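Shared between the two complexes below is chain A, which has chain B as its partner in the first and chain C in the second.
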Partner chain A sequence: MKKAAFILVLCIGLLLAWAAKDFPSWGDPQSPASSSPVASHFIANTGVDTEVPNMVTAVLADYRGFDTMFETVVVFIAGLAVFSILRGGPKNRTRDREFVVDFEPDLIVTNTVRLIVPVIQIFALYVLAHGHVSPGGGFQGGVAMGASFILIALSWDLKTALARFPIERCFTVAALGIVIYAGIGLLSLFLGGEFLDYAHLAKIFPVSPEMARYHAMLGVEIGVGFTVTAIMFALYASLSTDGRMRDGL
Partner chain B sequence: MFEDGSIFNQLLVERLNYFIYVVLLLIGLWAMIAKNNLIKKLIGMSIFQTAIILFYVSIGVKEGATIPIYLPEHDPHGSHAQLDSNHTELLSHGA
Partner chain C sequence: MGLELFNTLILCLLVVVAVLSLWVRDLVVSAVVFAIYSFLMCLLWAEMGAVDVAFTEATVGAGVSTVVLIATVFNLKRKAKD
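Then we have the complex of A and B:
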């Protein structure tokens, strides 16, 4: 098995090294990635079509909004799959291991976490809300927000974290994020545009079409942030307890 | 062995970044296939991802370039743009 894997890896390595001579050299301004018409279109038109200064966000949430919507759906389905596989199997599949670990949450750890969790959450909200002006966005902000709940679960126990963010609410919030995203898309569809063509939202909001795209991008990023936050925590809660949702790590 | 045009020169001198990317990718792939410990598989996946990021940087890097975010003064109709005399000139540059 290991020998076969080694030969496979070596073959792939030789193929990749052979292909490397066709790639552009370091810092080549004429490299295909830099000279493609798609890239120059995005660079030239982001500032004209939208008010968003961050071209990456404009490509992610507007030009390729359909792709990002289904990325969010993939995150949701992954969380749902982990939860249902671990929860659903035969009841005596895993021996009901009794961890009789009688421990108090550590004083220093819990007090430190009590101090830094609000900071983490404020930073997560900043990354989310500022994602179209500086690097950041829904996925990054959602991960930071989910990590704050995981930190609570690690420093106290899972029960404390689940009291703040129950597992049922996780999936409600995750589904709500997708509904926000698809809802903004459907709203622009009903206003006469195409699905996720945010410029048509200017018909009902008192802003220019470019500014409508700006605000709609913030809206879909918030939807992504909801889903990622909830699924991060749901994944941790499922995996750390074999799906039993009690006495985690 | 390292004269111009030889395969070693191409791979190890001119395109060292691609060589490092291939090696990192293989380490990650090997760890994911051959190790039984799930944490080691995860570490392998992380190394694999690092290799992919190095690859993306390698094909896209430019000398003297900056991040793909408009500076306020280059933004065609950014609200923070400074409305000085050469604003229209900057606008035609940005768009």
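Then we have the complex of A and C:
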């Protein structure tokens, strides 16, 4: 059985490698992705429409903002699902861990983390705020911010990290992120545009329609960052303790 | 062509690492090998100019997903049966 599976996998792998030579070569201007009118439209008009230098963020948060909003909702639902599945399991599961947790936090590790965590958090905020100027954005900044809380949980224990960011607050913050995102969308809807058509925000803020889109993108990225930060930490807290929120890694 | 050589080297390493991550019995080692895979992918994306994707791969793939995998292994038997 194992041999048959291996041969099958090998055959399909070779087939894929053989099919890969039909792909257009990297950076080919004649390839369908490069020659489509949509790509040239974005390249020509992103700077004019939104004044955002980073086209990736402009496409992500503005042109296809609806998609990104529901990506954020997917992250939220994933965190909620992991939490409720692990929390709702049988309470008296047999627990035979192979690792013995040393409950005394190490002096060198904790002092190093004490120095590193502020730097990580400032870098995360920088990535979040500079998402439309340089590479980065809500997802990356949020993950870096969540990782700083995970680092606290790893170097001290989960209780210390949960004292700073309780699990209930995680889900409140995550929901708040989606509310920020959808709120900006709804605000532009009420101002006469379509859902997530940020240019109409210029009617209530003293900026041009282009700069309104620029700033609304930042607001939307902040919403994404809230959700991703909270869910990353909630995911770690749920998975490392099997849903019991104590005696973690 | 230095860049071609670099790409070929990384692609060969990717195949080796992908096989290795399934080969090893120890799940913690497997998770760490997955992190190496993500890091190599991140290098490839960055080299091809897709810096946003490389950034996401570095934070999500090599960073948080490794931690989540190891946190999960912590609650399982460490050695895989097959």
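Following the convention adopted for this analysis, the second predicted complex is superposed on the first by the 224 of 249 C-alpha atoms of A that agree within 3 Å, B and C clash if a C-alpha of one lies under 4 Å from a C-alpha of the other, contacts with A are read in each partner's own complex, and residues count from 1 in each chain.
Keep in mind that, in the parts below, a contact is a pair of C-beta atoms (placed from the backbone, for glycine too) under 8 Å apart; a residue touches a chain by one contact, two chains touch by 3 or more.
What you are looking at is a predicted structure, and each value in this text was computed from that prediction instead of being measured.
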Touching partner for A:Ser240 - first (chain B), second (chain C), both, neither: second
Chain B versus chain C as contact partner of A:Met232, first or second or both or neither: second
A:Pro105 touches, of chain B and chain C: first, second, both or neither? neither
Contacts of A:Pro118 with chain B and chain C, given as first, second, both or neither: neither
Partner with the higher number of touched chain A residues, chain C or chain B: B
A:Trp26 touches, of chain B and chain C: first, second, both or neither? both
Contacts of A:Gly137 with chain B and chain C, given as first, second, both or neither: second
Chain B versus chain C as contact partner of A:Val56, first or second or both or neither: both
Which of chain B and chain C A:Ala147 touches, first, second, both or neither: second
Contacts on chain A seen with chain B and repeated with chain C across the two complexes: 26, 54, 56, 135
Footprint of chain B on chain A - complex, ascending: 1-2, 5-6, 8-10, 12-13, 16-17, 20-21, 23-27, 29, 31-34, 43-44, 46-48, 51, 53-56, 133-135, 210
Complex contact set, residues of chain B against chain A: 10-11, 14-15, 17-19, 21-23, 25-26, 29-30, 33-34, 58-63, 67-70, 72, 74-79, 94-95
Interface residues, chain C side, partner chain A - complex: 48, 51-52, 54-56, 59-60, 63-64, 67-68, 70-72, 74-75, 77-78
For the chain A and chain C complex, residues of the former touching the latter: 26, 54, 56-57, 97-99, 127, 135-137, 139-140, 143-144, 146-147, 150, 154, 232, 235-236, 239-242, 248-249
